[in-house]
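Some structures are shown below for you to check.
Look at the two complexes coming up: subunit A is in both, with subunit B in one and subunit C in the other.
For the complex of A and B:
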């Protein structure tokens, strides 16, 4: 029987392929927002006991991962008026092919692990692995610093998916702390990039900054 | 009540943002002194925590806390004189961030819950980022970006590792709190496959922050670009915090009967770090980067000793304490050198002994201490690690270890001689202020005294911390 959550997760897998093939930052951010929303609501579908605190926490996560972070980065791109082209190190077609290979490999690897509570969904572990490795791929395969942040968030989404779905142990307050750290981290990274951009505009070409900011 | 220790610097830090530069400096030193006093009281009375599920005083935590506290107090005193010369635009923000940094580091030493420790270690990265960016130059911006990004991605790996450890509990239906102390007692019941995977990710994650090669790439840039008091904090204190995460996880592994697995990996990372440091120290052109690579070397030594267990683990803790004391003193001294010569290049310095004799004494004594010269404690620590390696039959490892240490000593000696005695005619820019000298002397003297005489309470705490690894005598 196909579980409802598997249908949603299959869309997440598609969104990974989409983000690998996307040549524009906006597309990537949309994929990221979608992933953020899905990983936040997955706990509702996999039969954990839902408490009031749990609902509240999931909604907060959704607000931060699905809306606040993507929106913040979207605004950031508008502000610094970055060129929308992503300057891939590995081409888009190659990236899409890598994405497909990644998902197949994640499926194959997941079968080898005996994961508690994995019986509820076939795609949970493969999706988590794909997000994690996919995030790393984006981090390495695109030249722009902003794409690195997006890759980092994708990775975090993958880790979150493993954390919330396979283990119900951590308290919400602890998970909230983790979420705040991630949010603050992303904001600080964006602020640094913004400053780099400003310095580049005011100070002309500076070789030391060219390495990270070909925007 | 242990939470007070990180709440006080947190509140003081927030307060400092709204103060004038002058009041902020007073707050900095006063908070440092109060923190040190509270750390000693904590050591003596060892009270419980308000939230015992998250915080606890452990032997390893207490050791790190005392070192952090002493170092911060001395560095804060040094900073007040340093800030007179090295003008920073928003001094209150700089000081406030320093206090927040102290708060997060204290939280690391007191946290017992795996996830809370992760939160605290990631928070140290975020709190220290503005400190590195203090000078606002393009180079410092790039360095801050590199630091925040590499460490955040690295620490994300540690989060995954922590999640995998919780999976090892789920898999075998172990129902205990997710704290290091609880897990260490039920370690044998945890699922070994997930536990091993968790350890590897935690080692890579916190290892990035600790500066273990090959994940060390952020460290030399950061330590070199940051203002010297911040470099001293980063090197002397922050690296220990990351080590604490690895140390506690390794303890779970040893209790689970997987000590050989985790120990060998730790030793491998340790040796790679020492070798990497040896390679880079030989052809180093900047003295702050030289010190940074020496930190990588020492973190490698500590990881190697911890992985070895037995005498080696005891030696590792000795190295940890003495490295913090001596390296932070060296970074503070490097601040004096930088302010005087106006350059980080070794070749633009020289005749330190003639220009600034007091700074020279601190520099040269620090150099002797850090490169494992007797009587300083690092010599004893390294000797114990080498003896431990031979006892454990790891002769090849010990051989590589000794060879690397000799190479590093030769390289470091070459640079130290240049800085101290080479010809240098141009006038220097500052006079030696007492507050920029005696914090280093206190640190070095503490290290020298601890080399000959370890107070009984301290000795027992070290032995208790490493008893799980068969450490002590």
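For the complex of A and C:
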């Protein structure tokens, strides 16, 4: 354990397991925010991007990915009071085990790649792959739409980290464009979900439509 | 000579520390709490009494408390308490100690089943279920330590400043290991949030329900055995939390006692601020410790190649 970034990334790996085992939306969002913050500060630790533009982009990413998006979703959940259980398709214990297997697989797969950053941090690519696949798993294994959004954002964090890993310079413009898309996507999804919620409340009991929450 | 000088006071002080937990809990409840020597009084009271045996029990029932106490005592003999050399040590004693603790548990369960009481069977089923996951965690942790040190003795992990070496090689993952081991400590010793040692409602108890039929000296053995077991786990955690060797046995012992007090106080704080988990939530909690140990192992294996 030599590099500081590896210590932080090992906590990200842990937060993936935590988000798999968490039965509450709040816990999931906190894990997400943590992942967002770490993912956006990783470039500093690897040592590239210490230009003015790079710092500015990274800080903006931190602001949006680590604070704005989680805060927005948190607010949304408070508003529609959807903080009950997540109704998993795959149970929490099963999910934790899947998460462990997933990390092992990510470790195994990442050895096959030869990436420029492997010399500085051993955990970078495994964490990126784990986030990517873990996000996909959350998308599949949870029933509610709000959890799917969270899974999607986890996946996006993973994609960003893969980007950091593979390209050593000048990936900001593309990443930033994607980030803005994600922000817009989250907002649109929130609005849609809110409307569905309102429709459901006024439209009587259509229980087959309980995609947000079942009180 | 030093191992014995340290071992005997360690055993004698084992009933002292749980009183700290009671004191901390009383403090949180705004009460005065029992005296610090309460467990000694309890043991003395129990050993003065006679035993009552149900007619449905056999010799297994009488064997249970003795085996569980001696298993815990023997396990302590292999542990480098406060970093001093242990009484015994041989290659592979880690496995021996783990199975020794398993043997103690087996006999507690067997004695509980021997009473032919449905309540005790229920407790036995739970006692058998949760520690299985704990064992997986402990094995995972020792596999990690084996990878780091290349040896398979408790002494090579916890003697002197060897834990410092573990920290130096493994770094942050060892913090996961400490957390995982603390969860194992709580589960194995039937503390909150897995089990509530204060409750006396049969439906919610795990460990307490199995020892309902024991009385007098037998119950004293069981109590003493559980104090020793708690001491064993707390001593390991304290070695991991405070991995330094101060140079002099007396100073090591002082530091060790202080850390032990803090660990027991931490258990007390957890018992005060947390409620017991619902029975079906417990496996997830214990599984968390396994996940922690597992992640720590995978990450560390990536570095130690």
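The definition used in the following text is that the second predicted complex is superposed on the first by the 194 of 215 C-alpha atoms of A that agree within 3 Å, B and C clash if a C-alpha of one lies under 4 Å from a C-alpha of the other, contacts with A are read in each partner's own complex, and residues count from 1 in each chain.
Note that in this section a contact is a pair of C-beta atoms (placed from the backbone, for glycine too) under 8 Å apart; a residue touches a chain by one contact, two chains touch by 3 or more.
Bear in mind the structure is a predicted one, so any value in this text is a computation, not a measurement.
In the superposition on chain A, A:193 makes contact with subunit B only, not with subunit C.
In the superposed model, B is the one of subunit B and subunit C that contacts more residues of subunit A.
With both structures placed on the common chain, the touch criterion links A:7 to subunit C but leaves subunit B unconnected.
Contact with neither subunit B nor subunit C is seen for A:44 once the two complexes are overlaid on the shared chain. Of the two partner chains placed around the shared chain by superposition, neither subunit B nor subunit C is touched by A:72. When the two complexes are overlaid on their common chain A, residue A:178 makes contact with subunit B while staying clear of subunit C.
In the superposition on chain A, A:145 makes contact with subunit B only, while subunit C stays out of contact range. With both structures placed on the common chain, the touch criterion links A:132 to subunit B but leaves subunit C unconnected. Judged by the document's definition of touching, no subunit A residue lies at the interface with subunit B and also at the interface with subunit C. Contacts from subunit A toward subunit B in the complex involve residues 114-117, 132, 139, 145, 148-149, 152, 155-156, 159, 162-163, 166-167, 169-171, 174-175, 177-178, 181, 184-185, 188-189, 192-193, 195-196, 199, 203, 206, 208-209, 211-212. Put simply, subunit A touches subunit C in their complex at residues 1-2, 6-7, 10-11, 13-14, 17, 21, 92-93, 96, 99-100, 103-104, 107, 122-123, 126.
Here subunit B touches subunit A in the complex through residues 53-54, 113, 115-116, 118-119, 122-123, 125-126, 129, 133, 138-139, 141-142, 144-146, 148-149, 152-153, 156, 159-160, 163-164, 166-167, 169-171, 178, going by the rule given at the top.
The residues of subunit C lying in touch with subunit A in their complex are 169-173, 176, 283-284, 287-288, 291-292, 294-295, 298-300, 302-303.
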